[in-house]
Amino acid sequence: MIKPLGDRVVIEALAKEEVTKSGIVLPDTVKEKPQEGKVVAVGTGRTLENGQKVALDVTVGDKIIFSKYAGTEVKVEGKEYLIISERDILAVIE
Amino acid sequence: MIKPLGDRVVIEALAKEEVTKSGIVLPDTVKEKPQEGKVVAVGTGRTLENGQKVALDVTVGDKIIFSKYAGTEVKVEGKEYLIISERDILAVIE
Amino acid sequence: MIKPLGDRVVIEALAKEEVTKSGIVLPDTVKEKPQEGKVVAVGTGRTLENGQKVALDVTVGDKIIFSKYAGTEVKVEGKEYLIISERDILAVIE
Amino acid sequence: MIKPLGDRVVIEALAKEEVTKSGIVLPDTVKEKPQEGKVVAVGTGRTLENGQKVALDVTVGDKIIFSKYAGTEVKVEGKEYLIISERDILAVIE
Amino acid sequence: MIKPLGDRVVIEALAKEEVTKSGIVLPDTVKEKPQEGKVVAVGTGRTLENGQKVALDVTVGDKIIFSKYAGTEVKVEGKEYLIISERDILAVIE
Amino acid sequence: MIKPLGDRVVIEALAKEEVTKSGIVLPDTVKEKPQEGKVVAVGTGRTLENGQKVALDVTVGDKIIFSKYAGTEVKVEGKEYLIISERDILAVIE
Amino acid sequence: MIKPLGDRVVIEALAKEEVTKSGIVLPDTVKEKPQEGKVVAVGTGRTLENGQKVALDVTVGDKIIFSKYAGTEVKVEGKEYLIISERDILAVIE
């Protein structure tokens, strides 16, 4: 199990089948990086300069939109994840 | 539904029919990026370093002017939105 | 009406007839950007890190000097304005 | 009258007749920018993050040394001034 | 023994045998830098601007994922370690 | 008299006769900038964000070592000085 | 005697005889900068934004590892030292 530190969140990217306007399915290499993901683990929060800890605004299971290119890709037990800071999460989709 | 995080705001860009001085309607690709939009969702606010949460100064329905090129374009349920930080909102038009 | 956010100010640039040393009136494109303007609207102020709101030092009607190239040009109801941060205002002319 | 904002100061540059080692008086264009000036107006001070206002350490009439190239040149009623931040003032000459 | 200062952590990189898709074991020089390590020593924590000391979120023995290229490689008593800041630790693997 | 502002210090550079390994005295132009000086005036201190004033750690007469290239050279009453910030002073030599 | 200011530390670099894998002793010019040193003097500490002074975590005599290229080389009474900030000290070796 991956336990992210501080204000970090572990994300599983959501696959999208991408079809161009002319109807051709693109191979992986020309696809854009995904912008949507599902939160699989959250850190304990960010520590403010007065010592107070602020819990994250997302929870496990949330479907989120995050900044393209944000975060670091990691592979744990053969599965790929993205670890990003909460500040790179733009919104939750409900 | 998109629920933006922190000091972020979801915006629907307002279309303008753009006509050049010589009267020719320009196709999409040469148009300038819009600078006006309508707020469709707002985050819960910005957290100060003393832990206090500051609510945003805009509310859903506000017509706003925002910095060109600010924010991230997202597509949710086939519709395009822009997610921007409140600091990139210059003014509200009343 | 434009209502600027936070520490922003809406300015109407003051026109100057510019004459070069040799006496030729320059067309618009080679003129320098104006450095003087009149405040037409002010934001509610800047929020400090302790949550306190600081009112702006300029008020509507003030004639000001501001940093060249500062701010964003906007066009509202056919009229051109400049939206700048208070920190780009150098002085008030009385 | 120019009333500078915040921690800004209005300065009148002090002219120096510059003579090179070989005794030739240089024309204006090759002279170095002046580093000395006289304070003609001071702002109300800098606002700290706790909301406290700190008065400036210089007063009208002070002869000062300031960083080369600092500030913005302005022309008010035909006279040239420099508006600089107090942090660009290095010292007062008594 | 190495005793890291402040928010720093000493890490022993975990070796992985890297095999390309075509099954060829790569020599050291073309391998990627490791992203996993084991914590062998931790600092006393980060000092906040209010003087409070915040203990680290990792402890000796933790298996961690850290940002590629972060930290400084050191060699102590013939053994190689990496000294990194806690902010470059992304997650703990349990 | 020069009275430096805030955390600034006025320094008189200490001359060193520089001799290369081969014994040739170098002319001024190829010498390194001096790194040692004597404090001739100190500012009233640095203002912290809580409004508190912190007195400088050096006093008039101290022989100091400072960062190469730090500060601004000024000439007052025909004499050359260097005005530097206290943070560019590395150490006092006793 | 050198008395460093604030959070600075004076270090005496520890010499290492460097031998390449093929057994050739390298001349000085191609050696790496040393990463180990012995603390010979420490400053009085860092001043936080609330005015509190934080003592350094190293003391005279400590053998330390520091960031390559950090600090400023000085020569006092014919001996070479390095003056670095405490934040560039990675660890103490015990």
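The chains carry the letters A, B, C, D, E, F and G, assigned in the order they are written, with residues numbered from 1 in each.
In this text, a residue touches a chain if its C-beta (ideal position, glycine included) is under 8 Å from a C-beta of that chain, and two chains touch if they have at least 3 such contacts.
All figures in this text were calculated on a predicted structure; none of them were measured in a lab.
J.: Would you kindly give the rotation angle relating subunit B to subunit C, two copies of one sequence, based on a CA superposition and rounded to a multiple of 5 degrees?
T.: Angle of the fitting rotation, subunit B to subunit C: 50 degrees.
J.: How many angstrom between the C-alpha centroids of subunit E and subunit B?
T.: That pair's centroid distance is 41 Å.
J.: Could you work out how far the Cα centre of subunit C sits from that of subunit G, in whole Å?
T.: Centre-to-centre distance between subunit C and subunit G: 51 Å.
J.: Taking each chain's centre as the mean of its CA atoms, how far is subunit F from subunit G in angstrom?
T.: So the centre of subunit F lies 23 Å away from the centre of subunit G.
J.: Can you list the subunit A residues in contact with two or more other chains?
T.: 49-50
J.: Could you read off the chains around the ring in order, subunit A leading and subunit B following?
T.: Listed around the ring from subunit A, going to subunit B first: A, B, C, D, F, G, E.
J.: Give the list of subunit A residues in touch with subunit E in this complex.
T.: 1-6, 8, 10, 41, 44, 47, 49-51, 72, 74, 76, 83
J.: Tell me, which parts of subunit B touch subunit C in their complex?
T.: Where subunit B meets subunit C, its residues are 35, 48-50, 52, 54, 57-58, 65, 67-68, 86-87, 89-94.
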